[in-house]
């Protein structure tokens, strides 16, 4: 009798296997059935329509100097662009590629240093008491205020930009990783040590996976601020890159290129943070499955 | 209580350790910066920056200089101008998006698409659009804080416990009452958080905008601000002043966030009980 | 099925002792005797000291289910944490099978897999599957090969009726099932003692009663000493050989109640007259302490 009670409980609690793909398809179909995509379309139409009308039809004051909708998109997808930049020119991809390379260097370096540092800061109280105040003293200085110093310290035009981008990511990653370790319920590490885990094993099996959700939140923020500082760095110093493109296009009075640069930045920035999110979901299957049940 | 003293005791040890680490940091910096003079060889990186004692001396000289304080004033003015504008527009917008589903459906995707564009990428477009440089800086500053504030307000308002709303309804509250007495106060903590984060971004943007506009062709000390102070120190070759400027901005940013936190605590007294 | 009916009869008639039942009762177990001797725990000894445990002495024979009953926040968990080795004690000593865990010269025990805690809110690692959770202890010890460990884990899960949930994450299964996985995880290490810190507190009363029977079921198969903290008197009487009712802060045994209802028990025990008598006997003391704790809370708050 006891056994039957136990077994039914066990049987009902195991649901059908939830896969990421299946879940995505399901969400897509419910999304299409809701009014949301159509409202979204209306929203886009309003913004783009206003842009078009204000600049190119009504020629409102102040708007008339701005590059218009058709001018920008005409240039962007032109096989023979007037200002020499469109999806058909290799120069466009050079700018994107160089920005991406800088982001990749800075982000990987910041993750490689920031995650371990944050883990140790959260794990060892002594270490935290020594290092964290120093960290807190340096953190309020805006990343951009480091620009001249970075130019002085690092030779050339490439490393200052990468350094600035790294610095922004590094602070975000370290801080969030540390908060992640602090957020872990004490009973997990207690349970692990009860079960015979050594201090190192607790670190490996409890601290690292337990901090994972915060680490990935940190990485999301990190990639955002990386783009933020990259653009600033590229605008002030450096050659090539999307920030540089925007700034020089302004100097050269090639206004449509400014907007092309901005939109491209938005797309590339969005894609890179989406990649971080996908990687996070992949590494944290347990969270994906828990959340799937909540839906 | 008893626990307070316990924490206080711990804190003092932690404070000592923190101060020790900072002292070591400054010492390494001093030695590194003076390595050529003291040790006979130039330490990589550190050897290129001015030593902390020179920075302090330079700072002492600047304390009496009104143009240095003018820079503080200009930056604060820009930060609070842009920030208040972002609050004034961002909070109602966030609340309205939380309350009205149709508006949310229309506007939110556009908002999300614009958000990944870093605020600084707007600088040239903003200079073209706005008649004065001051307005264009203000606009970019506004953008920096705006996204964060809207996202936080929206998140806060949407996560209100439904039972609060039901309780209010069952006690006969009108729609307006519910908004004013439930939605608004329940969102306040998120508004405070969003503002604190937004404040940090605002300082980043102001510094950058001051540097970009000052470093550009327009020049002239009229624009001013701490970001410009740093940039002109760099251009003028007085490297100590760069660091003075960095520390000044750090202090200014810290106090702005602290002010917001205190203000936030004042407006959300119920969060203090724990 | 017939065995179950037998048990009911036995439970209703406490005078009659089935030989099988007697054989299954506590004394046969030889390891896991806890001796708590004059333990005192004071937080922050040189500031405004708070005495959590006051000269507390408890002897728990091997294999006993010892229920520690007391109002919330009275310091029961402090005692449990001291046995588990999570923090030190101010004075006194705790022995396990004659071996000193903590005491003179050794204020803090080290956590070990001979005493395993089942936590109040559950501490299954959400990032490991149920199977990985259960295999955790032996994997850490590293004495057996991986495949041996997983085979043992699977068979233990099957015994506890947990087959089919091996590859689920704890977040995907019901809270009652999670508690059972946690107990199996503890038993994988052949512990001498299981320390329960109000494990069923957050469960609804129906799930609770199922969990109680499941726990006894597991206990009958793997005899260990159980140190079980609760403030639910019904739970305490149903499960325990003995109730130790603690006074409100500081924590100290106030009354010991022997539950002379023979094991194995099932839910029908709850309606027996002996159960009600014990309930009556314990209730007065517990209520008095709860009132004291409540009043103290009012003053502090």
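Before moving on, here are some points about what is shown:
We call the chains A, B and C, going by the order they appear; numbering starts again at 1 in every chain.
To be clear about the criterion, a residue touches a chain if its C-beta (ideal position, glycine included) is under 8 Å from a C-beta of that chain, and two chains touch if they have at least 3 such contacts.
None of these values were measured; they are calculated from a predicted model.
Closest to the middle of the protein, by Cα centroid, lies chain A. Two chains share more touching C-beta pairs than any other pair, namely A-B. Of all chains, the one whose mean C-alpha position sits at the greatest distance from that of subunit B is C.
Centre to centre, using the average C-alpha position, subunit A and subunit C are separated by 47 Å.
For this pair, subunit A with subunit B, the centres built from the Cα atoms lie 20 Å apart.
In whole angstrom, the spacing between the mean C-alpha positions of subunit B and subunit C is 51.
Shown for subunit A are the residues in touch with two or more other chains, of which there are none. Those residues of subunit A that touch subunit B in the shared complex are 35-36, 39-40, 42-44, 46-47, 62-63, 65-66, 126, 129-134, 137-138, 140-149, 151-154, 224, 227-228, 230-232, 235-236, 242-243, 246-247, 249-250, 255, 258-259, 261-263, 265-267, 269-270, 273. Within the complex formed with subunit A, the residues of subunit B that make contact are 13-15, 17-22, 25, 45, 48-49, 102, 105-110, 113-114, 116-125, 127-131, 200, 203-204, 207-208, 211-212, 215, 226-227, 230-231, 233-234, 239, 242-243, 245-247, 249-251, 253-254, 257. Interface residues of subunit A, counted against subunit C in their complex, comprise 1-3, 5-7, 9-15, 185, 187-188, 190-198, 201, 205-206, 209-210, 212, 284-287, 289-290, 293. Residues 1, 4, 84-86, 111-113, 115-117, 119-121, 123, 125-128, 136-137, 140-141, 160-165, 168-169, 171-174, 176-177, 180, 185-186, 189, 210, 213-214, 217, 266 of subunit C are the ones that touch subunit A when the two sit in their complex.
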